[in-house]
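Quick heads-up: structures coming right below.
Look for chain A in each of the two complexes below; its partner is chain B in the first and chain C in the second.
Up next, the complex of A and B:
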């Protein structure tokens, strides 16, 4: 078995040698067995699959997510295009980038008897905020934390087909469909840690609320052996506006939605023993201008005051090195078929057209 | 029924040459004659030349148009003589190859000769620098000397802080009056007025749009009265009233809410509460409740830095550097 894997690796190395040799790279290393110091396989990949051990020297390199982690960890939460890419390439690769590494280093250093720290990824559209969030979540997962991952808070404030008055508090409204989907995914992620079943559909929103409260209390207890990470994508939805309307066509205030209400309670850092990692997202947000990407613009006054104090982490577009890495990765996976894309000029053209924005690069390469 | 007088077409008659000396026959067409005066031919099929009224007698011959004036203009001419007053554009008087108009397909904008577009628009050919110089020279006898002590702008501002601007209009017409002459504009810098913090904020709220933050100038424009004298008095009155009112504090001003505040102040804001809560929970300062703990916490440098960064973020809005400053401050508070 090991031999088979070895030969596969050697074969892959030979391919790498060929492609990289043609593009002019001199140095090659044959990866034989796993050494104590993980050597890069090729210039853009790294063998280090454990986010805890990744450091600055792995910056710009791709690491492969072990498939055992992939299915349970990300039933929801990855960007749609990336999911398709994973299916095409048959592997899930994350690039090690400074924002995610920074947050992981804070997570390592933080003191968990103190209140939960809040981190916020912000950046222009398509710069890799959700991916950085998922990278950080992977780290937490490998450390054995309980992961409470909400893929996109914007989904909960718009296009709601069913709205029921809450059984617990009659002033609020429930969203049973969204709640059940989320609970199902939550179970997939945390199956190995918890043993809870999914309840009936009707009261699912209340179940979500109870679950959140429970987790919060548990992780706050001193001497608790588990930690909780709350990962919310598109957190600015919690303080924006909603397009859901009541039957008499009046707009629903965000406070009246049970799910949002419970989530906001989680966001407050009155519990200990965990971390809150969030991203801003303009893409799904309602009534915000397209060019807004800075924290205060998207969070608004109330949002900022609720999240304050938090650590904003900027996620920029690719740097030169990262762009090289991504380009080589696509070449390696035979994603770039056009002959001109292999030339230096082609590379410069790609870099200019996408202005090194990760999602733009992905879209452009899709045509090649 | 047939009419008795038969109608038939006329053709050229030799007798006409003697009667009208300007008539000549046209080769190849007996029903047209050639008029030597206007150098054109016309049809006579309806009768003798005299019937076609326009060729009658001694019509003034159309003379050749001469050379345009532009050819004869010397380079050092006096332009003010060409355009002494505001007149429409004359293609023959302006020695510039100007083109104006929409270029049709494959073409260029039409030239100036006969160009209605150039004639329609207002032109300032009568106001060249040379003309302005002449106007100034003509006005000089009516002016007095500028005071020599006021040689810089700063001195002018110091001695005459309030600037009043009015416009006079001259035109030729049925009446010399112009209703726009009643408008009076009063400009003053707020830094000159003796205003304390509350008075300044109240003044800014009272004047609203009339204040320019970049130049610190308050502009009061009055035009509600029919005479300039009245508008001037009204503007002075407004300035006085604004000044005195902003010094007074009314009872309802106590209801000023956070949303009315012009600037963000950190004391008493949710941000302060948040950070205080956090630090207390983190038990940084040690056990103990109450005011001394708060004071102690506030005095710490990280908290001060945090306060500065939040104030800057809120007042200036978002930009990369203010967000980075905020990040550094928060990291310091959490000792990361």
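Up next, the complex of A and C:
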């Protein structure tokens, strides 16, 4: 019910933004009015909200996520600053960028009777890897696939408050808290496709394992009518080190954690009928240098060998056009308030200070 | 003595140059940080400015302070406030708090803006800089009190304050209020943004303190002639 109110409010703001634009952006309107269907919004927005229909001509433009999709799709998985931005602007907008578009085009053309393909987004810190992953996940959701989205694999290998010995296999350890939160979010995302109950906390890690195995087997069957997408953020955590300690202060090996063990089984491409989309992340990773961003450096030898063969997709900083688009979007949403930021000099300074890195631009525009 | 003094007024640098609290020879000129000053063509300058330029080519220039930038976004009032907030020389932290405060104010206002109906959108002020400057102006006292001793007794005499003193008092009160009288587990940027937002609408403890000072000065009006400057 809150969702209806939000969509009404959004509709209201959408209509009002339209009128604001027709009055204020007169010059652009004249240029646009020559086309058969004049866009009520400006150059940096597009009306195409379906990722399946987005193509190269929408590159650099923002599309609004329908509010009905936002709550179920992303209970977890979006960067924290972006979630705050969604709350402030009252809308969730993604930018259509080449890496995400590339992966979506591969997903459209792939043969799903063959083993699952692995895609890996890599890039410097703050270049938009998680957002590209979320864009691809949105595409899969609109196509009706089952989404298995792990927001950050690093959270499962560090700061564990409760570690129980596994009931299933005595050598392994369970993490009930992380498992329950993830199961709850999984249920929110896939409520319309599955109907399962998640009640007991103690065996939640085993439930997670069973769920993953079940989904994998089901999607591999030739007659299956659904496809599975496994989206993992920070996949280099699976082959790194962990800071969790046992009671006798000895470090826990990653193989001894049930959740990680099951996730690694999913990462192997021995199942069909789906795709595996992953991201590297240095920010949350343990015992890796800050300057590392390439797959070889972050995955390590074992990781690279397990992930091999995969499709690496580089996520660069904003291009000129994308920077322009982001700048106009912030102007439109009344986020850039400093009078100097609206001048040419201010724009040049923003471009220089952020070196067109998306997250740096966001942080700088935050206080301007 | 006169000979030694005039002998010093030539370009010289001491052998040991102290970095902290260094006092430059008055021979050194102030640096020009603003970009606009350098983009003016020759023809637009008046005779004095041309003379200044000639002088700058000959005389040595002081090093620019690290808090001064030629960025278009630099604001002297904001820099002063950040310096006042700084503790133990940790300018990075002070600037971080300031930027978080401004972002927080802007976030709240923009959220209100986007949720407001069409008619009320123009009334909502979204610019954190205008809000901050206006809040500081609202907090500035008009008159101050000075303890003057006359005939063995000390009287609190109302005196006029210079602009610098007034803005200093406003900033000082804001910072001490946020440090002392708020819940200890809130972040400084949160406390500051709340206090600035309430000062913008003439509410809050700082405005109250200013008004109490004004009342005291008003009640002590009779002693105003004790001031002799």
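Just a few scattered comments:
Here is the rule we use: the second predicted complex is superposed on the first by the 327 of 368 C-alpha atoms of A that agree within 3 Å, B and C clash if a C-alpha of one lies under 4 Å from a C-alpha of the other, contacts with A are read in each partner's own complex, and residues count from 1 in each chain.
Methods note: a residue touches a chain if its C-beta (ideal position, glycine included) is under 8 Å from a C-beta of that chain, and two chains touch if they have at least 3 such contacts.
What you see is a predicted model; the values in this text were computed from it and never measured.
In the superposed model, A:250 lies in contact with neither chain B nor chain C.
When the two complexes are overlaid on their common chain A, residue A:341 makes contact with chain C while staying clear of chain B. On the chain B side of its complex with chain A, the touching residues are 269-271, 274-275, 278, 281-282, 306, 310, 313-314, 317-320, 323-324, 326-327, 330-331, 333-334, 336.
Touching chain C in their complex are the following residues of chain A: 9, 12-13, 16, 19, 84, 87-90, 333-335, 337-341, 343, 345-346, 349, 366-368. Chain contact summary for the complex, chain A toward chain B: residues 106, 109-110, 114-115, 117, 122, 269-270, 294-297, 305-306, 308-314. Interface residues of chain C, counted against chain A in their complex, comprise 71-73, 98-100, 102-103, 106-107, 110-111, 113-115, 117-118, 121, 126-129.
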